[in-house]
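The first chain written gets the first letter, and so on, giving A, B, C and D; residue counts start at 1 in each chain.
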């Protein structure tokens, strides 16, 4: 009977044991708990909230820590059901020292013993990474893999675009350093300083904390800003074409599979 | 004769009774009235205008309210012509408690009795939603449905992009909170505060009301800003590919329909 | 001999008389003169330059005016060579009262008699429109027509996107008016005022002259800014797909033309 | 034996002598040295760093100069192995006066004798151009050529978009000059001044150093900002379609090559 319960626990916790690629109820609940715990971790950094609702935050952290601890123990216990000829304890050790196992443990410790870990508040954001583990299966992860595949096929194109963008960033910064360095030494007195301006301009963010004031500086900056359009258009175009290409091939595969099946 | 008039009214007001999918003259006029009434509602929130042309605004509101009231009564009256075996009053009740019927009623009340409704000025913007009902048929709605269909086919890809973007937003905010939290507690003193910065930066809006001032903060912010390009490029690429794919299939369908018709 | 010279002049000035769609030497020279005259018109609005180099500007304007006058007279004279059974003077009158003829005349008058025309400096920018007439033929105009055609085929999709964008602009402005209207009456005191903010935010320009300061306003503004990504991604995606589709059909047409030609 | 060493040196330094298009170990090392030397050149413009670590910077510059000098000498020596019937010295002279040869020499001089060259710090950024020469071969350069090819095929479309964008920039600047010129003479007092605003707005950078303050100016600026979306969407769409088209043809070529090979 224990074996049967362990088997069920394993199926619920480790989604890969399901064949249809859907998330189990337990996984869905855990994802919800992780998301809520991340929201609490984020809100907890706001001093005003953290001090006013101190008890609620401590209670919540303890609850999350408890849930993650129980989940961790269940995982270590039930992983013995994993397929393979190793002994149960060997499988457990493999899980404990796997990246996901260590992440789970780190999350438990950061939740239950905040005083042990320096920077516990930021450490708690690691929970977000747990989502990657929990959603490792199913359609979302398939979509992620497809996106990654389409992009990696065009990695040389994207690398070339990146190299052009980096050169543009550097030459733009050098040009503005040359044109404005004497007038605004604080902002353009060196190329590294001017790069802050050139990155914020080429990404079209444009805070306006630094901007050229001389006519020559403005003419050069206008040219840099205009080429910034290409900086956005090129990778967007490559990615769009890559996705379009991937869908096209997917359809052609489906069609030719249908024809040969006839 | 009344039945014939009721029939004509029904055809004019409920565009779905036409088969060619074009808007009736009455629907076009109503769309124009709705658009003008929205412009009046918007301008009416400007105190200077509202007090100077007080009489015009009140007269306009009464007129719009009158038109919408007449339209509402006509709709309730003529909906009895709808196909179906229910009694005329049953059809009328169905219309009155349908979402569009309730919206029409709400618009009439907000126009004619502004004192009855709290926040009537904002309530009047509901008229804009009436457009959705009025334009429910015809080519625009077909285009909307096609766009929605193309996007919904790629919903997993878009969801993955969204999840990546949300993680980027959160980690960017956490990084800047860590780097600038002590120097600018007002802007980066907690992760929720830093998220305002990270959203305004990643969407490339860049107001400049908050921006990092330490070298470390600027380096991290530059990295966040650069990854913001991907945040825009990824969904654009997916949407472009989805639309391209939809058109492609549309053409293939047309071609194969033409071939089998030969 | 005069007829032969008139014929040559006609061929040089009216590019449509050439069959290969390339610009004649005279047209190229005129385009260069127009571009230079636009640059002078632009620089002439800068008071410091205009007063320091007063003589140069006046001489330049007289020269441009002279060239345009000679060109105009030549056009009127040589248009008699146009194909058609009308009399020479009838053809000339047709040219004079055609939009391009009137534009040419207006440009001559604005150049030579600046005192006659109110706002002559801005009037001179009309020269830029002459470029459209001069480049009406050849590959550039073909590319323009193709771009226009691809976009007009997707006009319903683009209209729907525009309508969604307009609603977003309006509801965003209404939301911020509601959240910040009391705190910042100057910037958000009415919906029309708030629309300045909402347009500058949704286009991701983000001057930062107005931005929300209350927590609620920031949350709403963050949502508006995030949806601004879609506002850029949707039309870009539609246009990319439309262009891609146009090229695809062009290739298919070429291929099938090649096959039927075999 | 010297000939054999010279042959090996040639193969290592001039990647085109390899047939598989991969970079040689020496080329990879040189790329690394160039990148590091660029970083040093960039950091060296920061006065605070340059004076504190003066010795390190001088030593680094000497080292880089030494490496580049040795490389240059080796290139001149080994280029004699190049295929062709010219004498060894003729080949050497050809290399020395080739653009890459002159660039290499300029980089050596700017590194070793900074006092000889005015503006040596900026001159050192020329090293970045050396990367283009070092990476001339292999997959990256193939990707660059493909991107360039896809874009150059659509050059008329892109030119038309550019011309439209330039007109928009000019008319936007003229409109704001007309609306705001009297109120803000410093920012909008002439069309060239207003063009700074119009470029920063249309590229969606939006520093906020200049922005309209009158209602009319804001309405015109809002229209300019909205059309700025098209300014980004059009080239992105064209580039995406061009890349998509290039991939499509590449696949079709591959497929038809496979079929005819059967």
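Worth pointing out:
Assume a contact is a pair of C-beta atoms (placed from the backbone, for glycine too) under 8 Å apart; a residue touches a chain by one contact, two chains touch by 3 or more.
Note that the structure is predicted; figures quoted are calculated from it, not measured.
Judged by shared residue numbers over all numbers used at their interface, chain B and chain C contact each other through mostly different positions, with under half in common. Each of A-B and A-C has its own count of C-beta contacts, and the greater count is at A-B. The greatest centre-to-centre distance from chain C, using averaged C-alpha positions, is reached by A.
Per-chain Cα centroids separate chain A from chain B by 30 Å. Remark: chain A and chain C have CA centroids separated by 43 Å (rounded to whole angstrom).
Shared interface positions of chain C, i.e. residues touching 2 or more other chains, are given as 195, 204-208, 232, 236-237, 240-242, 244, 248.
Against chain A, the residues of chain B that register as touching in their complex are 156-157, 159-161, 163, 167, 170-171, 174, 177-178, 189-193, 195, 201, 204-208, 211, 218, 222, 225-226, 228-230, 232-234, 236-238, 240-242, 244-245, 248-249.
On chain C, the positions that touch chain A within their shared complex are 204-208, 236-237, 240, 244.
Remark: chain D residues 38, 42-43, 45-47, 119, 122, 125, 128, 131, 139-140, 142-144, 146-147, 195-196, 199-200, 203-209, 231-232, 235-236, 239-244, 246-248, 251 touch chain A in the complex.
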